[in-house]
Amino acid sequence: MAGPDPTWYLALAGFLFTIGALGVLLRRSPLIVLLSLELMLNGANLALIAFARHLGDEDGQVFALAVMAVAASEVVVGLGLIVAMARRRLALDVDEMRSLRG
Amino acid sequence: MTAPLVASSAGDVLVWVVWVAAAFACVASGVAVISFRNPFYSALALIGNLASLAVLYLLLAAELVAAAQVLVYAGAVVVMFLFVIAYLGGQADAPWAGGPNVQKLASVLASAAILAEIVAALALKAGDRLSRAAQVSSAFGSPRRIGQLFLTDHLLAFEITSVVLLVAAVGGVVLGSHARRVDEGEEG
Amino acid sequence: MIAAAWVALFLPLAAAVAVAVAGQAISRRAAGWLATAAVAGSFVASLIVLAEMLSRSASERSQTSVAWSWLTAGQLNIDLSILVDPLSVLMMLVVSGVGALIVGYSIGYMDGDDEERRFFAYMAFFVFSMLLLVQGGNLLLLLAGWGLVGLSSYLLIGFWHHRPAAVAAAKKAFVMNAFGDATFALSLFLLIQKTGALDYASVFTQAARLSDTVLTLVALGLLGGAVAKSAQLPLHTWLPDAMEGPTPVSALIHAATMVTAGVYLLVRTHPLLELAPEVQDTAAALGTATVLAAGLVALVQTDIKRVIAYSTMSQIGYMFLAAGLGAYAGAMFHLMTHAFFKALMFLAAGVVIHALAGEQDMRRMGGLARLLPKTCAAFLVGSLALVGLPPFAGFFSKDPVVAAALARGGYLGDALFSAALAGVFLTGLYAFRMVFLVFSGEPSPFVRERLHHDHGEGPRVMLGPVGALALLSVAGGWLQARYGEHGWGAVSTWLQPVAEPVVEATAGQEIVVSVLGAASGLAGLAVAWWIYGARRAPAPRPLPALERKLFFDEAYDALFYWPAAATARALYAAVEEPLVAGSIEGISAGVRRLGQATRALQTGLVRTYALVIAASLAVLTVVLVAVR
């Protein structure tokens, strides 16, 4: 087998996913939360592609492309929301949006 | 392009070198994304992250995905980010400001737990099964194969993806125009 | 004959429905005339039935007509049928004849009331219910009529529904009657179980093979129903209160319908009762006790209608006595003459009340003889007939009842005889106390002030029925004029094929009773004249026990109402409050506390939610890995 095992790729994917999750959990700026979400999605994509290679089946790559499309859609909607918030002169801070508080 | 990498042992070393470099760049840029105070830098770091991932995809014989990663992700999505950040201004919260609190502590703990679990699962349960990769032809991951799959086996997923994109586009327009109306109302 | 009987049954119902449906489309007066015409039509149809029956031989006079099979359950088959026989024809004539006079009288009496149409619809419905009761071809239809009579009496007693007293009286009548309905229904259930039939013929033929216990229970149930419907001790308390209804309603309830239903039931089911002699004796004893108790209470009442009401109880007591003794013709004949003179007294009292603009207290009346001469004469006739002086109707009908008690003999017979004679004395006393209080002497100041001089004694539509009833009260008795084998005794002969009498007084006994009865009545009259007419002696102070109507209401309150109310309160405090209300409040309070506690979790912070998701993912991964 040339190069590293899928295990290494998967570990890297997990690491990337964890970094993204940490960003989502720690940051208050909605922009950076969205960026962190991209990191998580890319972690998942890496895992998908690693498995596709391991199994010799391109379905994983197809799935990764679909995830990319969905991620692009999510960014459009997310950024649209952020722009709308800014237009309403709301603070760009996820902690400030707590109308759901019980 | 992938065939030589699979063949020789000198190639193996080169692959390892490339892998280590790409993985390091990937983790470093990932950490940078979540650490910068300025979202503009974060977005730039994300470009680096995406590029390093594209390299890894190439190592995994996923040429089309690597190309799409660079073109669509780094080229289009992140550029959109940059436009919005430029529009809104570059200030954001400092990630570690204010010292540790319950939320931060718990976040780190949860993330660490997830990572530990992934690693533990890989090390303890999956070692043997992942050791031998399938032999693949040089056409693996080529645009022709992927395109064939999209238009045959995964046609439904393909079409649904297109609908999702359409909905997102319409949603973006609606959000933007709605915000403009509110603006006018407040000004008027 | 049968067709006429069906017509007689359904004409009043048709009128009731027509008046109810027509509503404002017909004038109030037209509603009254429609109801009167329908009831009178019933009377004519009954006369046709009578005429056709007279043309047949005595053994062929009973006839059943089945409209259709109503209920079929296994062996039990109940037809919607009517029974036409001498007994039911007699009742039909009394009910529709006296009823027609009373309904006609109401046209004048109720003139100007706000809801005349409703009144006449109820009246016609009442007559229909009573006709269904007497014509029903089986015990279930009898019970149906029984219940409908209770319902219509409830509606009519509470007719003035804006008066709380009227509503309370209506409820009281309904509840007391429902008690009787229940015992009646229970005895029908027992009959269905034991004989599998409810039509008279099958029940009576199979009754002989039933055990004594069953027969006694069935007879007791029937007696309970009769006692409640006819307002006999101890279920009588509703009747005096029922005077809250309009006076024609009182007349209808007391004279033609309702209270006579109990007597009819005892006579109709006499084959069953004769198999349970103890129950028959109980009926006779209860009747006699009612004669005395009601007569005593009537002595102290001040409301003119209540005096007449108690006299009704007392007279129905005589009918129960006769029915209990087995003198069925005596019971039915007294029922008939009582219908005449009691309707007469109520209607005449109604004229007085009407003339005094609704005043019913006798203490404020007096001296009305000169102001209302025709009414006074009619009332006097009614009272003489009530006391049973010759030649008025009561003389011919009451004496055979008392004579039957003498003829029965034995301790019980003698006791009943003496009590019945004492009852005649009381009747004379209370009836003429009323007559003297209302009519004799000088007009009281109240009368002079309140009497409507302009409209005289009332419209012709009111005085006509009064006159007709006065005539019947004078002449009606001669139908049955008989001493021993002499005379003709039309009613006894007529009822002979349906209800063979058990006791028959000898000519000597009848003469003795006639003399003693007339003497007791006269004695009562004389005492009344001495105290209330001539005022030679001061009126004795009424006994508190009598003024309180022998404490029956208080006893019922203590026995039933207070324990029930106390139980309800205790259950409310001990069960409903803590368990039902408490559990609901506890649950809601618990939910609210839980919500208060959990709302702290709803921080509204997106990052917290994301953290929860991440933590859950961590936990779930552990679980999944561990499980695999």
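Letters A, B and C name the chains as they come in the text, with residue numbers starting at 1 for each one.
Assume a residue touches a chain if its C-beta (ideal position, glycine included) is under 8 Å from a C-beta of that chain, and two chains touch if they have at least 3 such contacts.
Treat the numbers as computed from the prediction; the structure is a model and nothing was measured.
> By raw count of C-beta pairs in contact, what's the busiest chain pair here?
The chain pair sharing the largest number of C-beta contacts is A-B.
> Which chain has its C-alpha centroid farthest away from the centroid of subunit A?
It is C.
> Return the distance between the CA-based centres of subunit B and subunit C, expressed in whole Å.
96
> I'd like the Å distance between the centres of subunit A and subunit B, where a centre is the mean of that chain's Cα atoms.
Using C-alpha averages as centres, the distance is 6 Å.
> For subunit A and subunit C, what's the span in angstrom between their mean Cα positions?
90
> Could you tell me which residues belong to subunit C and also touch two or more other chains?
Only 605, 607, 611, 614 qualify.
> Provide the list of subunit A residues touching at least two other chains, using ranges where the numbers run on.
Subunit A, residues with two or more chain partners: 21, 25-26, 28.
> In subunit B, which residues are in touch with two or more of the other chains?
103, 107, 110-111, 114, 118
> Provide the residue numbers of subunit A that touch subunit B in the complex, in ascending order.
Of all residues in subunit A, those touching subunit B are 1-12, 14-23, 25-29, 31-32, 34-36, 38-39, 42, 45-46, 49-50, 52-59, 61-62, 64-66, 68-77, 79-84, 86-88, 92-93.
> Across the complex, what residues on subunit B touch subunit C?
Interface residues on the subunit B side: 103, 106-107, 110-111, 113-114, 117-118, 120-121, 125.
> Which residues of subunit B touch subunit A in the complex?
Result: residues 5-7, 11-12, 15-16, 19, 23, 26-27, 30-31, 33-34, 36, 39, 42-43, 46, 49-50, 53, 56-57, 59-62, 64-65, 68-69, 72-73, 76-77, 80-81, 84-85, 87-88, 92-93, 95, 103-104, 107-108, 110-112, 114-115, 118-119, 122, 126-127, 130-136, 140-141, 145-146, 149-150, 153-154, 157-158, 161, 164-165, 167-169, 171-172, 175-176, 178-180, 182-183 of subunit B touch subunit A.
> Within the complex, which stretch of subunit C touches subunit A?
598-607, 610-611, 614
> Would you tell me which residues of subunit A are touching subunit C in their complex?
Interface residues on subunit A, with respect to subunit C: 21, 24-26, 28, 94-95, 97-102.
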